[in-house]
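Per-chain residue numbering starts at 1, and chain names A, B, C, D, E and F are given in the order in which the chains are listed.
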Amino acid sequence: MIKKGIKLIKNGKRIDGRLAKQLRDMEMKIDVISTADGSAKVKFGNTIAIASVRGPRALFPRHLQESQTGILRCKYAMAPFSVDERKSPAPNRRSIEISKVTRLALGPTTFLEDFPKTVIDVFIEIIQADGSTRVAGINASSIALTSAGVPMRDLVSACSVGKINGTLVVDLNGEEDNNSEADVAFAILPSKDEVTLLQMDGLLTKDELIELLNLAKDSCKKICELQKGVLREKYKSE
Amino acid sequence: MEELYSLELIKNGKRIDGRKFDEFRKIEIEKNIVQKAEGSALVRLGKTEVIAGVKLGIGEPFPDTPKDGILMVHAEFSPLASPEFESGPPGEDAVELSRVVDRGIRESKCIELDKLCIIPKEKVWIISIDICIINHQGNLLDASALASLIALLNTKIPKLKNDEIIRGEFESKLPVVFKPINVAVGKIGNTLLIDPNLEEEKILESKLSVALREDNKICAMQKQGIKGIEFKNIEKMIDLAIEKSKEIRKLVK
Amino acid sequence: MIKKGIKLIKNGKRIDGRLAKQLRDMEMKIDVISTADGSAKVKFGNTIAIASVRGPRALFPRHLQESQTGILRCKYAMAPFSVDERKSPAPNRRSIEISKVTRLALGPTTFLEDFPKTVIDVFIEIIQADGSTRVAGINASSIALTSAGVPMRDLVSACSVGKINGTLVVDLNGEEDNNSEADVAFAILPSKDEVTLLQMDGLLTKDELIELLNLAKDSCKKICELQKGVLREKYKSE
Amino acid sequence: MEELYSLELIKNGKRIDGRKFDEFRKIEIEKNIVQKAEGSALVRLGKTEVIAGVKLGIGEPFPDTPKDGILMVHAEFSPLASPEFESGPPGEDAVELSRVVDRGIRESKCIELDKLCIIPKEKVWIISIDICIINHQGNLLDASALASLIALLNTKIPKLKNDEIIRGEFESKLPVVFKPINVAVGKIGNTLLIDPNLEEEKILESKLSVALREDNKICAMQKQGIKGIEFKNIEKMIDLAIEKSKEIRKLVK
Amino acid sequence: MIKKGIKLIKNGKRIDGRLAKQLRDMEMKIDVISTADGSAKVKFGNTIAIASVRGPRALFPRHLQESQTGILRCKYAMAPFSVDERKSPAPNRRSIEISKVTRLALGPTTFLEDFPKTVIDVFIEIIQADGSTRVAGINASSIALTSAGVPMRDLVSACSVGKINGTLVVDLNGEEDNNSEADVAFAILPSKDEVTLLQMDGLLTKDELIELLNLAKDSCKKICELQKGVLREKYKSE
Amino acid sequence: MEELYSLELIKNGKRIDGRKFDEFRKIEIEKNIVQKAEGSALVRLGKTEVIAGVKLGIGEPFPDTPKDGILMVHAEFSPLASPEFESGPPGEDAVELSRVVDRGIRESKCIELDKLCIIPKEKVWIISIDICIINHQGNLLDASALASLIALLNTKIPKLKNDEIIRGEFESKLPVVFKPINVAVGKIGNTLLIDPNLEEEKILESKLSVALREDNKICAMQKQGIKGIEFKNIEKMIDLAIEKSKEIRKLVK
């Protein structure tokens, strides 16, 4: 929702000093949780997401198993202290929806049908929320899945784009997100060019939207390089 | 398997019920079917049937919008409507549907929420849209968004006496100024289609739901389905949604 | 509960113009839900109930199965917009009790013991509530069960009766129900003369009660004719 | 199977514990067994044991009865009391029992709720009756209704200071003006019986629970059990309930 | 928490007239619930706890079974009317914790490993709460388990001790508990000298604590005698 | 079985990771890692990792302490952190942990709650400590208590404007005057050990958790584990806890 009169861009600079098409400083780290099969921490500026992957492992109780394929489960959660006003730790409608779209964003890259009767669990915890938390969680999950040794068709790279004060921008922070004219959450399999997450709200002409999607695609390529970098680092050191 | 047969047909350029790929099922609309609600509508897309009811109540505004009314959308997927639905609190599909319908209405600025203040900071109108699925034969999202819009268009604001609602007496119409239409575009292989029925939904690879205003501005989108969408196809899907939204909007008076 | 001074009968007519022993206009329709095995919609004036039947079908998880008999499950729910003040869609104590008495009202007419290990589910949704919703739901369920092909000993016909402003009346509407001196919910197997639902609250002498029960029984015969009519219609057209 | 044996006996005009068909088990009543409660009672029907406790609190009245106190009845079927009870929120049997007890008390106008106003529209007394089943050996409903009535009859209203409750000091008695008695009449074949024990409950075909005032007015009824009741038998069951209610009422002083 | 200025000891006497090291009047009764395998009621002054034991019995659903041992489950609950302000009957965080420590207090005395795949359930209901409810519940459970015929290494005897107005005391009542400087819940296998419950909060020097533990141990011996007495009574009369 | 091996080692006076029995794993502390929180800390004990965040809000005081701030402690055991944790509301272990941490802080009088009044009887500060387990490799309680204390020591009270919080601007530090340290002492046979790792926790017979202030006063204790503790050993366990608490407190500035 747009609050009137909030000036988010001055002299071509955003409130955190970035240019319109500039990503925030990003940090990625893998294998941060020793009890997980794979894990990662991703920072987009002040946004911090941790993902933990368990599986593929046999699924119990048995009646949940699918005989022809493995299943993927995702759970997105926010730490109570991750936002301004303490958030109850119980799942709310927003986190239920995000958990679902995260699963659909990651699903197309896995070979679940090779692991019948199993489950892969992805748990995402947002430690600090400053915008773009769902895409940060997807980026973390993607490298956590890879690090867990889950066979994948491609990485999944994700970012947000949007329109603030009439300008099309990349990687919205919390203040921008709250006051944007439109925002889009986007994920892609970078080498397949397949979009697996696309959520938009606000108001955009078709042309603006298409421009934003191209912007998102380009940004995801940059994010993908960071993801590859951290994975290369791991396998190099092994 | 009806699904395999349906899939075979689609590869041959046909749909199981004989429709064209860009053709809706028969759309039936009934307005004001629930007197107890301030607004209501029943929508049938073929055999799919959905009722949306709007209740108006009074509540406290959010601190950051002390003069604005509040919109809430809630959907129930009762096992009444489908063997696939289970009893209990709304599952992820019901939650997602209600949130996508909510965004289409909210982001289009369909309702002038700033005209729904009773006492600033203290009392504003709360608009609750409840979506009740009666029969699930596919494309619940388009049907629910349409039923919600028509219910809103027919919603009347009750009279107040000492800031208490007098049920059954009305003051004015709800200020609805835009008409967002939701069109979900499905994709199987290279075929795009709209208004998938239940069998088709089971074989859809992906779906892009697009909500559009009369000025053709896009106000909400949601990618669904188990497969990704090739980047280059997204624009085609949006174009189809824009085109079909005009057709549907004609039904909404 | 009785509010004082509310005049529900004037010149022998009730607020909706009916005579004391007159039923409201009733409408019944079957097979309104294509995904159900049987279904029906019943209108009693402004009260609208829809019932959907699934089964008999194998019951899972298995530990719920009864080896000697099928089981019947009923769920009564009200749409949030069916009443004046929006009702939360979660089941409340009232709907839990009504679900139970509905099951007991329908149970005696079924041959559940012929379908061991199965379940028959009856789902009732009140679209609009203007009194007598539970009996409307039972009437709808009865014809939905028949239409689903569930073997039955008899139909189940149900209505409400009560006392308002000292007068014994049939088929209470919402306003009457809220201000009655007593009300009774009643269901009967019409050709067996077996009462399967009987709930009463208020204050009545025994004589008044017996008179009301006879009134209810007679009204149920009329309702039964409507139920038979709509079923005949179906089988004629097949 | 004790049930089969019990059924055989009943066909021969006898009950497993030697009682007559219209005979209650031994009734024991203990009053004020919980000092923390404003009123309490323990009732034993044979080995069935139930405790009802009444707590008084202060709350907002309902908008349509701004000067009336509020009555709430809640029953817990703890697994403590029976292997058939499960942990968790009250199931349908516990909900039904509490609602039937509630109706008997409420509809009989047993409590003068209009005398329980503290500040109109703002503060009224809230009377919470909690029923705690200690041992389930049949006929919980009659036992619970009786324990609730006796607890109410012994309930004292706490003193107030600045509209706050001073616990342990009392102002007056709760205004209880009628004594509704609940009698459940069971039916097996053509035999009517009262106060069924646990084995008998398992073979009952149907049950009619009737709540009666001292003026013999019926204030609540609930048909239970898996079979229907022949229309002509209902009057007989009510007659039996009326007769036995007088006997029970004598125990309530 | 300590409220200032509350005088709990005058002239060496506590508010209920007891001396510092004096237990309240205690009453124990067994087999109070005919449907249970074992049961007991224990009164510590105005505190009344009832315990009901079911088992050992086969545990369902099967996936909860342990193949090598039986399991013990305990549930502590308070009647809504047992306290000053009506308590919701739903379990709260306090009762969840007490249920756990009760299980651990009773567990070491049972031979669960002799009953693989079974469960023993202990249900505790506090009818009236006037301090020391958890230890009253443990004492009741211990004799209920014995009466149920569960083989046990020893009884479990429990009591509370604490510090009020600078004095070390035994068996705190509700008023004392609410205003104590420290309180300790303690359970012991009396003939094995093994402590199975030890919870403390407040502020104590180590010396004070050790003195309190000795006090608790001595008091438990007295309680143990009462427990033995009531059990002897039972078996004598059989 | 790693556990059997670990047990064997302990009988021979050794630990699986080579530590002494009275030796903590490497302790790492990071402060203020969450800007959105008014205070936060991350603690690592070896591979165990815990984050505590403190949020300050405004709420009504309890009636019996109308001028005191309110402390709440909540722990979540997310399946993120361990294959043994399950989704859903906090289980008994999470509830117990948060209550033991709460008691250590509360009973030590660590926070001067009486300095956290905004308007008596109406508005006081509510201090919510949320403990988020990131990796569970044993001894969550000591790690959580330590993270909570450090988070509190770094907590700032936000500025107020018309009694509403201005997020991101601060008035003063939270008044923290004591530093309770929690030390859990484990026992296997006659061996006492501290800071058990995950394998050791599985073979512990019992555990005594002791919270201590800088004046060596004991402020909370909790016996855990499946076996009893011989009476005579309790003092030894407390002595060890006292000794080690001093060592840990040096890390807390």
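Details
As a convention for this text, contacts are C-beta pairs under 8 Å (C-beta built on N, C-alpha and C of every residue); 3 or more make two chains touch, one makes a residue touch a chain.
Just so we're clear, the structure is a prediction, and the values are computed from it rather than from any experiment.
Counting steps between touching chains, the shortest path from chain B to chain F takes 2. Using the contact threshold fixed earlier, the set of chains in contact with both chain C and chain D is empty.
Averaging Cα atoms per chain gives one point for each, and the point farthest from that of chain A is the centre of D. Look at the CA centroids: the one farthest from the centroid of chain B belongs to E. Chain centres here are Cα means. That of chain E falls 27 Å from that of chain F. Averaged Cα coordinates give chain B a centre that lies 48 Å from the centre of chain D. Separation between the centroids of chain B and chain E, computed from CA atoms only, is 57 Å.
For chain E, no residue reaches two or more other chains under the stated contact definition.
For chain D in complex with chain E, the touching residues are 33-37, 40, 47, 49, 51, 53-55, 57, 74, 76, 78-83, 87, 89, 128, 130, 132, 134-137, 167. Every residue of chain A that touches chain F in the complex is listed here, in rising order: 32-36, 46, 48, 50, 52, 54, 75, 77, 79-86, 89-90, 121, 123-125, 127-130. Interface residues of chain B facing chain A in the complex, by the touch rule stated above, are 64-65, 92-93, 95-96, 98-99, 103, 106-109, 208, 213, 216-232, 234-235, 238-239, 242.
Those residues of chain C that touch chain D in the complex are listed here as 1, 3, 93-94, 96-97, 99-101, 104, 107-108, 182, 184, 188-189, 192-206, 209-210, 213, 217.
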